[in-house]
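Note that the chains are named A, B, C and D in the order they appear, and that numbering of residues resets to 1 at the start of each chain.
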Amino acid sequence: MCRWLAYSGSPLLLDTILYKPAHSLIDQSLHSRMGVETTNGDGFGVGWYTDHADTPAVLRDVGPAWNNRNLREIADHVESPLFFAHIRASTGTAVQQTNCHPFRHGRWLWMHNGAIADFHLIRRELCLLVDPALFFDIEGTTDSEVMFYLAITFGLDQDPPGAVARMAGVVEHAGRERGVEFPLQMTVAVSDGESVWAFRYSSQGKSRSLFYSSRVDSLRKLHPDMAFLQGVSDETRLVVSEPLGDLPGAWNEVPESSYGVVRPGADALLPFTPQAA
Amino acid sequence: MCRWLAYSGSPLLLDTILYKPAHSLIDQSLHSRMGVETTNGDGFGVGWYTDHADTPAVLRDVGPAWNNRNLREIADHVESPLFFAHIRASTGTAVQQTNCHPFRHGRWLWMHNGAIADFHLIRRELCLLVDPALFFDIEGTTDSEVMFYLAITFGLDQDPPGAVARMAGVVEHAGRERGVEFPLQMTVAVSDGESVWAFRYSSQGKSRSLFYSSRVDSLRKLHPDMAFLQGVSDETRLVVSEPLGDLPGAWNEVPESSYGVVRPGADALLPFTPQAA
Amino acid sequence: MCRWLAYSGSPLLLDTILYKPAHSLIDQSLHSRMGVETTNGDGFGVGWYTDHADTPAVLRDVGPAWNNRNLREIADHVESPLFFAHIRASTGTAVQQTNCHPFRHGRWLWMHNGAIADFHLIRRELCLLVDPALFFDIEGTTDSEVMFYLAITFGLDQDPPGAVARMAGVVEHAGRERGVEFPLQMTVAVSDGESVWAFRYSSQGKSRSLFYSSRVDSLRKLHPDMAFLQGVSDETRLVVSEPLGDLPGAWNEVPESSYGVVRPGADALLPFTPQAA
Amino acid sequence: MCRWLAYSGSPLLLDTILYKPAHSLIDQSLHSRMGVETTNGDGFGVGWYTDHADTPAVLRDVGPAWNNRNLREIADHVESPLFFAHIRASTGTAVQQTNCHPFRHGRWLWMHNGAIADFHLIRRELCLLVDPALFFDIEGTTDSEVMFYLAITFGLDQDPPGAVARMAGVVEHAGRERGVEFPLQMTVAVSDGESVWAFRYSSQGKSRSLFYSSRVDSLRKLHPDMAFLQGVSDETRLVVSEPLGDLPGAWNEVPESSYGVVRPGADALLPFTPQAA
């Protein structure tokens, strides 16, 4: 399993979010509190959107995040209004760059915590459901990447929540055909550079932890002295596998079987149900 | 493209073959003379059989062979009667451990130089021809590994030359269906720990270079003063992408469309033709 | 800080000791119980003596031990009568191969858990005390490697316990001159391929954990059904940062300020006191 | 030996300079024409100045530049008005991140092509001449990094050309005392984020190649149709180990024993002579 965070809001040095908080993602790479494993040291990745290019940048490496100097450099020198970060605890697949999150396709970034149960039983079947024109683009061996390509196949570009629902439906169907009781466990974030969609779902109804930060204008009233809150826009928002600290009022659990949209204007929190593809 | 060597004979420190020769495989990693590229720096691997285990050991890494200290250590301290070594020049697929040769399945080692032309067009189709029970074992994204799993699917265990012929037949068929004129280019070595089979074939009839060493007893007569030849058995044999030096009489080209078998007792050199699967 | 083990006895596949025990060193890389850190994921190394060469082999890498495939391969295929293994938790120095233990010089292997307090204050001074002929051989930046070269400078070849005592004396002297109250914290193993010396010492008298295994003949009487104990010689011995399991009677703490010698014939456990160089 | 480039001028995506030119630095990593080695595959680094931080960012890794995906990502997504890039061919010292250029100290970046002859003879002596307060900051084992710390010791902050001259003087003196006829061979670039100083010098008077680009306003007259030249300021300048292409009039050799300054306002080209420290 893994831990991740998605940031959207006022442009910030990545360091502000990745390293500075008391229980930052880097701290979680060694001392996760809510993850299946304490240690998330099987690779990491960070993806960020920038004005300089049409596609987001992705920096990924196979060692632990906590001792990676290039990640430290990027965090100290790159500013972005929308970025993803992910730390990996492999459930068996190879520790290699192409298995590190976030995955990218065109303008899209995708990252995942969870697993397809008994993936070895249905990997082939799921790969066959991927649009043949995309098959060659699958570079790694994770369930997470196959989920991404299924979502693209099922219309991510036109209808992100629908595409993810159809992906989940297909995974559950394939697993159940093989006798897997609870085929899917996922918290997923996906972005096109403007909106972020974050999903929390598991076949069993016992999903991995997922939280979103409160609106900044509300937090400012609670914590008028916090300098950080003065410097960012009302719409600045974080979605995280586990809270980055214990600021009262700051963190809200994403309910089971639901998804949120973070975007310019009003955000939304909605129910999520897998669908037939 | 790549360079490789296969050794079979008296147990030797790997160093004797990997580093000591004037134009050793390590030298070829920087200064290949007959390869498509001068530099073969996109990963390497060595596989060796030992009495201590049922399966061969495989050490692979993503950096260049020429500066890898762990390879140097293994070469200086490990002795084996049968080993493979491979240096990689990627034709585009990711530089990662799971794309490095040799590949292993049970007792089998496999390595390849060459390419399936327009692999992106037929990767999916070829993957579907792999025994579904083996599909999950494909860890990388190279054509070489898919070729290996096709050969296993087509009976490598029972009939290695036949299985490789059927793999080649299937690849050529798939390519030609997509309009690829010359779908396959390969020099392949495969071993079960007792015999080594080495294949040289290309659809175009212009295959990558491949050589085998002369019988040691013949070489001893030509070069009675060479200490190395005194220390190894008559049956000691090398198959290499390019000669490791310029000893007169030592190296013989494997003919186009043929394969050799190196094994205890008489070796053999035979014609090779792709077959329908 | 770090964790390590030293094995001496009947030739064994490294796997038997490195991976098989319930609380093996690989398990300790994720879940150390007695270390300063739970996670020891900043590189690892294994060194082994073999008949094939005058010097021990050393395999080291910068990622975590728990997911390293090459370590797994070596453990599954290499047998040795005397080997060291080490997992690293950096206290700040770079995560690079040249900072991974064990260190080697000629036939000698050296590994360390602990630290020279305020090493930045006295690194230069300690480096100057190293034999100038050896200065260029220092490849990394750890306190551990400087300790090794000091011990070599002070006669490791002739008198290992004396050389280590003089190294410790010099480190304590240098630290105290700079006002450091407790300059040295160490558990060290060193071997010439025949004997293993293991030291437990700290200026404060609160040293990191260190254990040695009981004599195999005694353990066999306690546990007559344990197959493993039937297969190894009476003299087989382990020295470890923390016990590899909870077999009653198997593990004994090395006392504070003492060192042990493991060698053919009777082993010994003796007091250790730093000396002036 | 190595190859490098320094860019100063209109803010550009790194890609424009690192990958796009016909004989880009990435191409030189495989096919250097003027270097001592054809292949420069023992690590790489890129350092860039940005408005987001007081210090430049440095991304370094130990594999070859030509296949590194993170370098590709940074080049495609990061824009900078002043950056360094370096590809390494080790002359023996370890291939590790701390031996990759550029080196950084505060706002300063430093990179080097060349070598101190017989560095093993004088490494210790040179290290002792480094300001003791800086000794601990030396993280790697290259001559290049020691040269940087000597230059800092000798006043890089106040007088860059003088500091480099004193560094060179000290190296030559130390080498000659040991009987080394030609102790120093260097092309060096150093920057504080505003100016770039580039030095070409060797004790023998046969220095490694170094070129600077012509003024952009002159080039525009020669090549009025080149879109690239329309998009950058008159003061945009490159200093490179070897020309990035064969545009007539674009490249000028830096004379032996001289250095250039690239800065806002008029650049300068001046003689360089080592001095006593």
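Here, contacts are C-beta pairs under 8 Å (C-beta built on N, C-alpha and C of every residue); 3 or more make two chains touch, one makes a residue touch a chain.
Small disclaimer: the values here were computed from a predicted structure and weren't measured.
Residues touching across the subunit B-subunit C interface largely coincide between the two copies, over half of the numbers being common to both. When the contact pairs of A-D are matched by residue number against A-C, B-C or C-D, more than half turn up again in B-C. Averaged Cα coordinates give subunit A a centre that lies 41 Å from the centre of subunit B. Multi-chain contact residues of subunit D (touching two or more other chains) are listed as 69, 94, 97. Subunit D contributes residues 30-31, 37-39, 41-42, 62-64, 66-67, 69, 90, 94-95 to its touches with subunit B in the complex.
Interface of subunit C with subunit B (complex): residues 13, 48, 50, 52-53, 55-61, 69-70, 73-74, 76-79, 97. Residues of subunit A touching subunit B in their complex: 93-94, 96-98, 120, 123-124, 127-128, 132, 135-136, 138-139, 141.
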